[in-house]
Every structure is written in structure tokens, then in C-alpha cells.
Amino acid sequence: MSPREEAVQTMSNSPKQTLVDIQSSHDERNIAIDKVGVRNVKYPMYVRERDNGPQHTHGVFTLTVDLPREYKGTHMSRFLEVLGDHNHDLSVETIPHVLAKLREKLHADTAHLEVRFTLFREKAAPVTGKVGMMGYECGFSATGGTTNCFELLLTVPVTTLCPCSKEISSFGAHNQRGYVSVRVKPNGETLWLEDVIDMIEACGSAQLYPVLKRPDEKFVTEQAYENPRFVEDMVREVALAFDKDDRVKAYEIEVENHESIHDHNAYAFLKREKE
Amino acid sequence: MSPREEAVQTMSNSPKQTLVDIQSSHDERNIAIDKVGVRNVKYPMYVRERDNGPQHTHGVFTLTVDLPREYKGTHMSRFLEVLGDHNHDLSVETIPHVLAKLREKLHADTAHLEVRFTLFREKAAPVTGKVGMMGYECGFSATGGTTNCFELLLTVPVTTLCPCSKEISSFGAHNQRGYVSVRVKPNGETLWLEDVIDMIEACGSAQLYPVLKRPDEKFVTEQAYENPRFVEDMVREVALAFDKDDRVKAYEIEVENHESIHDHNAYAFLKREKE
Amino acid sequence: MSPREEAVQTMSNSPKQTLVDIQSSHDERNIAIDKVGVRNVKYPMYVRERDNGPQHTHGVFTLTVDLPREYKGTHMSRFLEVLGDHNHDLSVETIPHVLAKLREKLHADTAHLEVRFTLFREKAAPVTGKVGMMGYECGFSATGGTTNCFELLLTVPVTTLCPCSKEISSFGAHNQRGYVSVRVKPNGETLWLEDVIDMIEACGSAQLYPVLKRPDEKFVTEQAYENPRFVEDMVREVALAFDKDDRVKAYEIEVENHESIHDHNAYAFLKREKE
Amino acid sequence: MSPREEAVQTMSNSPKQTLVDIQSSHDERNIAIDKVGVRNVKYPMYVRERDNGPQHTHGVFTLTVDLPREYKGTHMSRFLEVLGDHNHDLSVETIPHVLAKLREKLHADTAHLEVRFTLFREKAAPVTGKVGMMGYECGFSATGGTTNCFELLLTVPVTTLCPCSKEISSFGAHNQRGYVSVRVKPNGETLWLEDVIDMIEACGSAQLYPVLKRPDEKFVTEQAYENPRFVEDMVREVALAFDKDDRVKAYEIEVENHESIHDHNAYAFLKREKE
């Protein structure tokens, strides 16, 4: 029997009845940690829809709490236990309860939740009315405790047609898929993900659709040509829409056009706190 | 009025009542296309579970058909229409109907469907029995028409502990998350995604779990140390499991260990047709 | 002193002078492995350019060999050693030497190398001649030993403008960035990555450029409008170009248009072995 | 001749000698934009090394400027022209010149540059001294104009071994690859990317290496077992190292362990402004 095998056997025989809670031991380094927890947690969830009951989807979660300077570590398994108890209905109204439970179970002052998920909506073609489902990348970012914060996260794809290309060219104009990514802080009143999607889609040269028959394709092609938009126009139009809506308190807007004439993207960014 | 504006106005005024079906026009290049269709289509779907009713999830689809040499193009919108009609229950039994409908609507000899989705299963910790959900990346790849084929696709994460590191070290052994990716061709009889997951998870140094309390963590740590596995061991163990199961007709196995001691991965690949 | 601490101390004191080569031990499972090695290895490299000396870049490598049924494992560190010795000039001519060295050092019948890297080329705007650098995602896939194979891998972005949208619309036409991905098997004679890029770029509605001033943008906009291309047209045009070139022996072509009017992509695929 | 064809012909014949600069036209929306420019620009570049001359690599750039409320758009091609002139030597010392040039050419008050690239370093195994190259994901984030800022960005992989798993288990301990991502604001004095890498690698349970022979693997396995680290330990140890170094003025540290026993990651985050 090799020394290692012997040693292992010795260890296997010695029952360790008490499993030390090493996380709760005292830490001497005197450094509080802003956020500690779990990330990239895939979990089934329900998100409340504006026009229907809760929609079943799944999210990718980051769940964290602060860790005071005196503790060596947090208890990671408890985040999963809280998530398992609270994924039944995630929305502006219910997330504060999840945060409260995280603070309680982890003995923390502040808790954070960020989740990304795909929200599906039925979408009808603009002329024929043919219906299909379109998936939107959405999310919530929330903090509860010594500070409180709630944000809606969305990335909405649109068509953008270049005003310069249209103006200088004898015919045609380059256009492409653009992605509008926003963080929106609501002002207390209910602001649905669907409301924000509607506001953003109204700002593009044209909207995207799952199903387009020929009369629809003619419609969106001509509509885009008649509504050219730079990335600069996109951030400004979305900003105007958010400025007009009292339910929006603060926002960040990021637009990225996957230029059809370049291998790089056109980009614009705008951040505002309304008062 | 600029020449372009004038021209555009002229065009706008001329009603185009008939929208030419340019896709159906004759193509002179004399080149048949193997696969043409749509890719990266996100769509809600239901997948049949072994132990419960259908599970709601969403998939990322590629849908294609062959295109004979004489046609200029296919009709992309029809793929979305067929998908919208058939996403209610996707499984070994129902996918042939989707393929038949694609062939019919696209006037094609052969149709292909590939879909990737996350399947969630409840999973209990090995000692305390604490339960959480674990999401598995799954998929189906199917061909119907002049050739027929059906494959289950899965990527299952496991713990792998290095036999060499254990053997040569006085204590400890490096271990890491490994990913086992398989394509499995069933032999007619029903083979569930869950069956394949179970087979693969039994081959690792230890399984992964959503929730592990201290007694569970002690268990999986010691279990892994007692069951060291190279990537070579992993492909062979999974191959043995597939060889023993008569429902498996052919398979590909790919294992990638995200080595904890390197910034690169250890990798093994095996492909077999049973007879 | 806890039992574990005692055990660990015992183990630390026992010198393990001979480090067993566990990989070379006999394997009883009787399963040969097709490919075993390392993946996702980032390494600096030089790739030979058609029009200049070797270009410095870095690659992401997969290096594998076959493993006979009687061995438990391969020796992963040797792959890195061979790579370190041979990354100075990777091309059609030199890769066979790397494969030979891998077979020798790993006592294997067959070795495989796959590498992906970015190749930069100077590219001038079509009217003003303004110059910038454009990076192309390239690669080599090679097998040497009992079977021999060599393929060039490329993904080349182009502009594609929809023929249907142009035909049915009174003005404008949707267009977007499309990605043409190919695997090309040369027929012995030298076929440069740059040759393949040139062939593919000539097939799009227009090419992409790093720098476009206004006269250039007018040019590419109008050029695209005058050269509409479906994904079906793209695979056929590239196939025609490959068919005409005797240096090409076999090929796979995959085109994916990031449709500006949909959130999904149009897709076509073609695979041919010549004569 | 169809109306569209006629129209197109009309347009083609009318020479557009003056190409309107639509970007410079007046914008009525009264919204200044924080950042506008180009993103995902791949470009070859040289980065200054601490121990050698400049290293050739390539970067992925975001280049932006502010846009005053009165202008409709910026001039995207100029970003590429400035980049083409200044990619020869990017470092703490030279980036301010790039930013100055961007402000000048775009008539902007403030310019931003963010670039991500792979930096390769030779790294020797800890016992045998066998040498290989290891690539580190690095970057710079810089702002110049009405505000000034400069940050080093790095993601350094390390081995982390779980203190809890070690303590409660009779033998073994789960370990994994962890990723330490930092943003570091230097205090004027030169702080090399290599300095930050060295500080971070010293904080792990063990370092990662490109080449490890058996005596090296024994060494790193035992070293990791003797130096267990939670994500909480990692952020604190790196914070201590940054606190001790006067060249560091402010920092953010993010650690993510790809847990070998879970399919999710352990995560910790810390942000500090010194004094």
C-alpha cells in the first residue's frame, strides 16, 4: 500500500461528524466585499406580461449580497434555495420580496439580483397581418437594502437605413439590423417591458417581423427608405420617447448598427437622469 | 426638387399591383443547393419529458430544404409559418410531421430541422436531498425525405478529477468542470434526453448539482477523489454505456475539460456506428 | 491535530521520488479513441502572406492524435511543446511537418491540427482609394498520417441586397451584412487565403471596406442596388468561382445573411467534391 | 421598361456632383449625445511590453466622441483614419495623443478609446522550467478632453481550491479555473500590464501554465491544496496587493470561479478609490 493510499484510508475511516462552517470564521484582512454570490445561474421562471398572464421562460441570474469585513465567506447554497422559492412570478412588484429574503437568509444589508431572459410576443406582419412569435432579450436589475434601485433591461433589434447613403446615392441606401440596448429606471408607476419595446420599435427606420409576405416586405422596404436613421437619430428618438413618458425616471440608451457596408459597427450612447 | 426626389416620387405614384415572385423564376446557373432556409430563429416550444407532461421552453432553430437547380430561390416566410403551426410538441415522434409539412409547403424533396434548447430537471443533492433545478443544453437534428435521420444532441457538464495529478501528488488532485457533448442516433425505440443525461452523468468523477449543503459538498469532493477520470476515460465510459444500450444505434462523443491548471482544455472525440 | 491534518502531514513527509506515468498504463476497455489532445490553445503564430512576408498574428489551436485501445491516455504537455517549436511559419507547406512531429512525439498513427486566426489585409476604398486594414477570420484544418487532408477555412463578410425586396418595392431595397463561410480543399497547387477572399468578395452585392468617404459610400450603395443577391445567389456564385479554379478540389460553402428586416438569418449551404 | 427601371435610369443619368454633408446639418431635437463613434473595429496594433520591445497583436476597438446638440451626426470614417495613423505603439504614454487627434479631427470636446487585445508572455513551468507562451486578455480604457481617465483592463485566469471543501472532506478538495477581471487606474507612475498580471497570479491557489511536466503537475496540485481560496479570498488578496502598490489609484476587482461541482459560478466584486 502506497503512503498516499494509506493516508487516504486513514482519513476515510475517521468520521468527521461536525462539518466546520469555515465561511463564518473571522477574517483578519479587514476588507468588506461589495458583492458576493452566484452568477450564470440558469433557472426556469415566470415573468408577468402586460397583456396576458405570466409567461413561462427561463433566466440567467446573478444573485449577490454585501459581505461585512469580519466574515471569511458567504453561504452560496442559500442563493439557490431562495431562487427556488421565488421564481414563480418575477416582476417590478415581486422582486423586492426576493431581495428581502436574500438579505434575511444571508444576514446582509443589501442584496442584488440581475436576470436576463427572452420574452416572446406575438407580432403581426404590417400588411397581411400574418402572425409569428418574436423573442426579445430582456432583463431586470434590482438592488434592495441600504440602497434601492430597479431597472428594466432590453435589447430591441430594428432596421436602420442610412440618411447619408440615401441622400448621396442616385438609388438605394444601405440599411442593416441595429440593436437598441436600454436600461430604464421607472418612476414608481408600472412600466411594462412591452411598453418599452413599443417605444423603441417606433423609433427605427422600420420594425423587424417574424413573418413577412411579399406585400409586407414591400411595405417595410419603402417605410425604411422613407425614414432614414443614423445611430445618432436612434438614440435621440428613443431619448425623446423616454423624456415624454412620466413613468421613466432615468435611462441609458446604446445603439449599435451592424453596418452592411463595414465589418465594424456604428455606435451611440446616451445617459440621462430626469428631474 | 432633386433628381432623386423626383425619381422617388415617380416611383411612389406608380402602383405595383402585382408583386413578382422572383424566387420562382428560372435559374440558369445549373446548381442545386443542398440546404436553404432560415437560421437562428428563436421560438417558444414544448418538449416532451420522460417523467412529466410537455415542458415549456424555447428553441433556436435552423430549418432548411433542398433547392432544385431550376429555381432562383426558396420562400423563407413559409418556414416561419410551418414552425408557428408545429412548435406545440417537439419530440422523436412529432418532428417527422414538421419535416413532412416543410417538404410539402416548400415543394422540396428533403427537409432538415435542427433545434437547440434548455431542458430543466429537478435535481436533488446526494446526501441532504435538497432540491433545485438544473438546465441542460439539448437539441434535435432531423432530416426527412429522400434520406431520413434523427439525432439527439446534448451537452452535459460533469466534474472530472485528474488520475495523473492524484497519483503523483502527496495530497489533493486537480479537478474541473468538463463538458460531454454527444450526438446520439436512436435505433427506433424511444430514447429520452433524460436517459442520455443519466448515462453521461454516471460516467463523471462526480455529478454537478444546483444545491449542495456541507454534507453534500463533502460527499461529492470525496466521490470525485475516488473516481479520477481523464478526458480519455470519459469518452470511453460514455461509449461503453452507449454500447450496452440497444436503443443507441450510432453516436459521437466529445469531451472537453476546462483544466484548472491550464488556460487551455483537454479534449477527446470518438465516433461509432454500431452494427 | 485533526485526522486530515495528520494524514496530510504523513503524505507530505513521504517523498515520491518516482512519478508514475499513469497515461502509459494498460487500458482494459478495448476502445480506441479517434482524437485526443488539447483545445482552445491560444498561441502567437506567423502565417505566410501571398503578397508579403509572413504576417504575425495569433491562433486558437486544436491539436489531437489517435489513441490506440491499449493505452490509458496521451501526454498532453507534448502538444504544447511541439506547438512552441513550430508556430514560426504556418502554411500549406509547413503544416505537414507539424503533423509529422506530433505523430512522432505522441507515438500516433494520425495527427490533426485546426487553427483559427485573424488575417489582416490593407484594403483601399473603391473611389477615393483611402486605405485601412481589414481583418478576416481564417483557419487551417489538417490531418496527416494514415489519412491526409488539408483545408483552408474562411469567413468573409459581404453586403447582400435582396432581389425580391428591390423588385417589388417602388424604391429602396433591404440589404445587410452577410457572412460567407467556406472550407476549401486545394488540389496540390498553392491556393492562398487571399485568393479565396478575393473570389468570395467578388460575389457579393458589394464588398465591405474599413474606410469609406462620401464618394465611396455612394459607389457601394449604388453598386449593391445594381447587384442584388439572395443567399441562394451567393452560394451559387461562390460555387461557380470555385468550379472555375483548378486549384480547388472540393468545397463547402455556407452563407448567412443577418437580415435587416428579420431577427433571424437567411441561410444556404452547398458541398461539392469536384468531378 | 417598368416604372422602377425608368426611375432608376433617370437617377443614374443625373450626375450628383456635390455630395451633401448631411451629418453636419443642424439638428432640432436639442439633445447632445454622450458618445458616438465606431465599435468592434478589429485592427493590428503594437503594445509596449515591460521586458521587451513593442509586441505585435491586434485589438478590438471602440472609438467615440461627444456630439453637441446642434449637429445631426458625426463622421465615422475619420475614426478609422485616426486609428490607421496611431496603432503603431499603444500604451499609457501614447494613447493621449490618439485621443487628442480624435478630438481635433471630429471637432469634439472629449474622446474615448477602449481596446481589448491578447498579450502573450513566455511562462516557465515551476519545477522543470519548460517554457511556453500564455496569452492574457488585456485592454485599455481612456478618456481625454473635458475629463481625463485611463484604466488598465485585465482578465487573468488562476486555479482556486475551495477552503470549505478541503476542510470538511477526508481527502481531496474541489478546485477549478477562476477568472480575475480588473480595471486599474494608475496614479501617474508607469504601471505595466505585466505588473498587474504578476500581482494577480500571486493571489491564486496556484497559477496556470502552458506546459506542465509531471514534476510540475505534482507541484501545482500540492501548492493549490495548501493555499485554498474562496472567491472572497481572491478579491481580498488582490485588493491587498493593489492597496500596497502606490502606483494604483483606484480599482475594480471581479472574480468568477467556474465551480467544478456546480453548473453556475461563484462570484465576488469589489470597487475602491484609494485614500
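Observations on the model:
First chain written, first letter: the chains are A, B, C and D, and each begins at residue 1.
Rule of thumb we're sticking to: contacts are C-beta pairs under 8 Å (C-beta built on N, C-alpha and C of every residue); 3 or more make two chains touch, one makes a residue touch a chain.
Because the structure is predicted, anything quoted here is derived from the model rather than measured.
Interface comparison, B-C versus C-D: the higher count of C-beta contacts falls to B-C.
Put simply, the chain farthest from subunit B by mean CA position is D. One inter-chain figure worth recording: subunit C and subunit D are separated by 25 Å, centre to centre, where each centre is the mean of the chain's CA atoms.
Spacing of subunit B relative to subunit D, judged by their CA centroids, is 33 angstrom.
Touching two or more other chains at once are residues 3-4, 7-8, 11-12, 14, 16, 19, 41-42, 80, 134-135, 164, 167-171, 210, 212, 214, 218, 222, 225, 263-264 of subunit A. Contact residues on subunit B toward subunit A in their complex (touch as defined above): 3-4, 7-8, 12, 16, 19, 21, 42-44, 56-58, 77, 80-81, 83-84, 118, 120, 130-135, 169-171, 210-215, 218, 222, 225.
Subunit A meets subunit D in the complex at residues 7-8, 11-12, 14, 16, 19-20, 22-23, 27, 29, 31, 33-42, 62, 64, 67, 72-74, 76, 80, 163-164, 167-168, 170-171, 230-233, 235-236, 239-240, 256, 263-271. Listed in rising order, the residues of subunit D touching subunit B in the complex are 3-4, 6-8, 10-11, 14, 16, 134-135, 157, 159, 161-162, 164-165, 168-177, 206, 208-210, 212, 214, 217-218, 220-222, 224-225, 258-264.
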